[in-house]
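Input: structures, listed below.
Next, two complexes with chain A in common: one pairs it with chain B, the other with chain C.
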Partner chain A sequence: MQQDLRALWFPVASSGDLPLRHVYQGQLLGLEFAVWRADDGAVNVWENRCLHRGVRLSIGLNLGSELKCQYHGWRYANGDASCLYIPAHPANAPARTIRNRVYRSVERYGLIWSAIEPLAEPPVIPELETAEPLALRPMPVAAPASRVVEALRSYAARLGAEAVEPAAEVPPAGAFALRASWRRDGEVEAAAFFVQPTAARACVIRGLLLGDVAEAERVATLKAHNAALTALREEAEAADAREPDAAAAVEEAKIPLSPRVTTVAGGERAASGEAIRVRVARKWRVAADVVALRLEPISGALPPPAPGAHVDLHLPNGLVRQYSLTNGPAERDAYVVAVKREPQSRGGSAAVHDAVREGDLLAVSPPHDNFRLARGGGRHVLLAGGIGVTPLLAMAKALAATGRSFELHLFARSEEHAPFADDLGGLGASVQMHTGLDPTATGDCISAILADRADDAYVYVCGPAPMIEAAVARAEQAGWPDSAVHFEHFGNAKAVDDSTAFEVALARSAITVAIPAGRTITDVLREHGVSVPTSCEQGACGTCITTVLEGKPDHQDVFLSKAERASDACMTPCISRSLTPRLVLDL
Partner chain B sequence: MTGRAPDRALVDDWHVVVDRSWLTFGQLYRTKLFGAALQISPDVDGRARVSLSATGAVLPSVERYGLVFASVGRPARDVLDIPEARESDRLIVTGGSIGVGVSGLRAVENFLDLGHLPFVHADILGDEAHTEVEDYDVARAEDGGILVTNCRFFQPVASPSASGGIMADYAYRVFRPFTVGLYKTNPKQPDRRDFIALFVQPVDEERCVAHSLLAYVEDGLTAAGVRAFMQLIFAQDKPILENHVPKRLPLDPRAETPIRADKSSIAYRRWLSELGVTYGAIPA
Partner chain C sequence: MLILHDYELSSEAYAARLMLGFLGLAHESRPVDVYPGAANEAPAFRRLSPLGRVPVLEDGGLALWDWQAILIHLAATYDESRRWLPQDPARAGAIAQWMAVGRELEDSSGLARRHLAMFVDADLPLAQERAHRLMRQMDEHLWFQEQAGQDWLVDGPHPTLADLAPFPAVMLSEEGGVDRRDYPAIRRWSERFRRTPGFVTMSGVFPAAPLG
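Now for the complex of A and B:
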């Protein structure tokens, strides 16, 4: 039986294939990737299809932090590939479920590595860690990868050199990686070759020369290897044409044409099997009553979060709680969350503080990004109340990384209560602390901050409910439009009325279901095979936000803005209900 | 016939195989329909004769509107009747035949699509300052097919006779799986509608030739001007269509991500499913 190559990591591009604002078309096992580097340096490896109509994203535009499809102008975010903008409906935010498939990737040794369904971490090759390897020209070959690996075993002879030891597999990189060594002019030289199976009967040889090559000899060295690899290619292609070896062809992966509304990578509730196993690599105190957790993946890479995103953290006592990630744009090797001990804890914060230890295994959901940075914008004002700084810290790091103008105001009882002082210090003069203010003084301070308003300015607030309410009210007084004020609540403390019964019609799925009293829309829909992604299930996080096409929702959440509520164009079906007998949703 | 056999409904129908003006007496024109190689040449009377290259069998064929229609089965109905083509004040021109490496069903869907106009046909049939697709109506036509009405879209250069941007009124009619028509406001006579028909020739499941027929309300237009305009538009569509993955049209409405602006394409895909069309499609 053939090894399942979808589980293995392969190089899919060279770092040099990703110049500024370019989109490179990568290939692996018959699948295509759109590979692009954002202006913040992060590399994205995505399925090479726009979700809308399947047009290749590799012919799209790299806008620096977004990728724009050529066909209908849909824009996808650097990192989590969520759709940010659908020009055909400019007034509606795209449904949260519209997110392109992201393949895990890592940039290492001058190569971009990716895997379709990785079972292990990307290979670390000690010999390559220490040296600065010289990359050979990638050599595409129209022959099966296994055949090419066999041909590479005699690489030393092909160079006209004497092999030092037999070519051997490079252990962590799998069967498609070989290390060859030879002696030339008395000196031992070596190279690592990675054979990337692009399709059933096609591959690319990516070679890295180990050890230093003197500047003056580089061109001659590269030429010699290029000649050897070209000869190898011609030979392998001729051999494959002469006697095609069916068994050597690698099995291709299928283009994933899956129903997007119901199975969105990272969109499903973590409890339904999408949870990622992580290890608590570090637990440390970041302020009075606040601890931070650094969560590293057990295997593979983590889905990259958008700034402001949160995850569902599964705690040892069985509780699931939502915590914002503080990760900056290039911090992709671990999730960092911070948790404040709540005196009235229902068990979540107490579990983190008292029960979770370094080395423990936990599970997290993929990130939900419902608290988002506005696209563009001249000035971004971030208002944080205590532990509410966590999503705003991630946003501030993202704004700083792209050179955009922002100010972060942190309101805390005392300096001792200000989390992440070190990270904040690193952001310099853009961060201002306001300590020891009472509610009235806090409100007045916010009014002073918001006194000057420009058309392209945005406000983001996260903190305790009274602070958010005050900030929203003060912004309104100062003439800020509702659409420029973004906020995120810790939870929904309002009493919920679930006594109504009504009917919900799904426009895209073409089904109608009855919602009885006592049950939520999302629950009933899940029974009918339409799962709307949810996270907090109390109308606080916005993960489930859904477009309403007809009917008047009975909003019971704390997520939507006043204008969004009044428009009746969207709702949070995890908790909200209907004032009309029938609702039509865009699902 | 090579490849998969087409569905019965498609076999027993007419498909355009060549623009009549391309044929020259004494020369064989070669093309394909449903994967089968055809050869076409005018006979001594000037009538196009269409035969299967493999067997020499002569296929039923008809010439109309300057196009040659053929069938690989026994056509159950006549070639599509276009009343506009009989209106004497219209310029009736074929707009060119463009080979495209994608399923013909994708080409029909692209023709029905309003949302791509500002991007693919920037500054001609749309511009990036006006991207919104307002709500429109979709209904089944009584005698088959789909009617798409009340489409309004801003267009900088709506047609070869346009002299400035207009809010263009569009209506579409899908007549047959590979035949679609567009009725659009004439920029100079807002009470008349120019008509464009697209006849898509399924070369095989993943290749087609798009043949267009234009019935414009004549107003200083020349055939060469109209053709140049159509060919510019098709040249813009071709590279986008050829970058669809997969090349066939998935009929499951959830295989891709339809939005409200895609009502017409959702109706088209659903209708194809009901008709049992699988050629060039990925069935739901």
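Now for the complex of A and C:
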């Protein structure tokens, strides 16, 4: 039977292969992987090549939450493999489209499992769920996997023991897994073997010994199995060299082409715009008028968010709303968002509060990470206004997990209005609550917090617009540079002037389009087949930010900082327009 | 003053530089243009190194032209801690054995590399096969050392010449077409070795990620 092996899950490493700050060089079906464990415990299985010059990432540096290429120092993030930093362009954040290929993976039974294009979930093997198996030394063999599976059928005899029952396949791990059992000194012993096809004519035998092994016998037992597997390897390699079995060779996978690198503009949207189906696993109250939703994927894994990221949530009434994720770095099995009931709700918060129930199916976009933590930094000051705590909570968890210095100040009407008191309590003394302050007192409190400034300190603000404006103004008064102050608005409450008409030229797509009054740049471009990734479409989230090559934008967003605005080097085309008759964009 | 007659791309010279680095020994480096200049074959150099070998270490009146002899001389003379060349009988034989593997690796994996990079005569497939046989054995040994809580080729809390001798040829094996993908225990060992204080790099050998 010709199986598509790309769809199957195989073990690609042992848990013990991933010590602290190591990068394991893995292989499956002819593709190479860089497999590494971040300091938060998460395992990454990536294509083993730097996007820049193709150098193997397995010779790179595991820095705990990033993998750094040895060649020109490009750094990729734990989780989604997005490029965080390019040393040749230290002042510029890398484009969000620069992201290495990530393969799905799961750590189970002391093994790291992965698949190239999985069609099903990773196998659950009941017998292994209860036992704590002992992983044998993995045995690489220069012979096709199917030949090695056949050789394993007589494993009991190779061990010099009497087979208890014929070696059988291990459902649901498939034809590349066998269970062997034998009797030794009257006791029945068993092992599960998984044969990982690394290339057309090469594989690795990964064995798990079932049942308890006394500590005193552990090394002797491992050596006995290693000797049996070594003999099996030599036999299989000799047989394959004597009479190569062409039919046994495994078909190698080709690296799937990514739509992200085959299209320029809009590729990101095409690839990441696919909504992910999620189930509301839990809905609970986290403060007065605030509910949280725990959204678990129906199948597969969720793209891991960067701290501060938001998603577009598709609600049952057809509305799409942006909510920040509160996930910490190790929380990958669900997204958690919090929604405040707005008295002047345009339908979003009311739908979440009144219509969404536990068990409902919803859709979310992959995370947009436009509100980012600065690299490094000696001190991070997080200023939250009420429900604005959500992205800052994710950032605080990330900072705490990596042992960086931060303080989170939460301004709320009362303790009753402070969301996620439990999570915040877990962050200890780094969190300070300020309740019941009027706008002037809030401003003065912020001034006091920002009075001491260091060169490697950063401020992050999220909350109601007046609070953000006050914080930005107070930071400026205290001498904080624009580049050290990051903020995120809930939305753009400013009145939009869309009365101008102008022309937009796209430098890379080589087209020029007319933007009439009353229509946005992104809207008109979409009609011409150039889709710019957008999320909020009101100039608040920064997803659509685009480089301006010529012309003067008419900024109408609330995302860009004062300096970015003044530079005229970028704009948010979902809402902003042009002050010059012509704009040239890097699209 | 110690004088090292050195060639930047020589793995044997790198072994000597590693030992000097670990022991923190100041020395004068005199480059020898081995490839393409073949300066190691010139009569003047042959007076120092009769077989034309690099590196050569001069220490006072002594001139040593074998790389492992240089390692032993430096460890025996300058390593007061005796960590690199322990004298206890239980380990002396094991250290000699892995140093011999280091020499065999230079003659197989190292030869494959010199063949591909510097056009030295060699039976490439044979050299590569011999290297794989050695590295398979080394990987197995290191995996069981890990199981026993041991970090190094020979038991003990600190690396010894047993580790230093094979290290350069192992690290540069890919330049000889000898992949280390099938040797995960060797890859972990090499990372631990690269974290040893005083470690120096060379072209093709990168530092390891810091642990903290």
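The definition used in the following text is that the second predicted complex is superposed on the first by the 510 of 587 C-alpha atoms of A that agree within 3 Å, B and C clash if a C-alpha of one lies under 4 Å from a C-alpha of the other, contacts with A are read in each partner's own complex, and residues count from 1 in each chain.
We adopt the following convention: contacts are C-beta pairs under 8 Å (C-beta built on N, C-alpha and C of every residue); 3 or more make two chains touch, one makes a residue touch a chain.
This is a predicted model, so every value here is computed, not measured.
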Chain B versus chain C as contact partner of A:Y24, first or second or both or neither: second
First (chain B), second (chain C), both or neither touched by A:D240: neither
First, second, both or neither for A:E66, with chain B first and chain C second: neither
Contacts of A:R137 with chain B and chain C, given as first, second, both or neither: second
Touched partner set for A:D40, first chain B, second chain C, both or neither: neither
First, second, both or neither for A:E564, with chain B first and chain C second: neither
Chain B versus chain C as contact partner of A:L51, first or second or both or neither: first
Interface residues of chain A shared between complexes with chain B and chain C: 32, 59, 70
Partner chain C, residues of chain A touching it in the complex: 13, 16-17, 19-22, 24-25, 27, 32, 59, 61-63, 68, 70, 137-138, 140, 198, 204, 218-219, 222-223, 226, 230
Residues on chain C engaged by chain A in the complex (per definition of touch): 140, 143-144, 146-148, 180-182, 184, 187-188, 191, 206-211
Touching residues (chain side chain B, partner chain A) in the complex: 109, 114-116, 118-120, 128, 131-133, 239-240, 243-246, 250, 252-261, 266, 282
Touching residues on chain A, where the partner in the complex is chain B: 32, 48-49, 51-56, 59, 70-73, 86-91, 98, 255, 257-262, 507-509, 549, 586
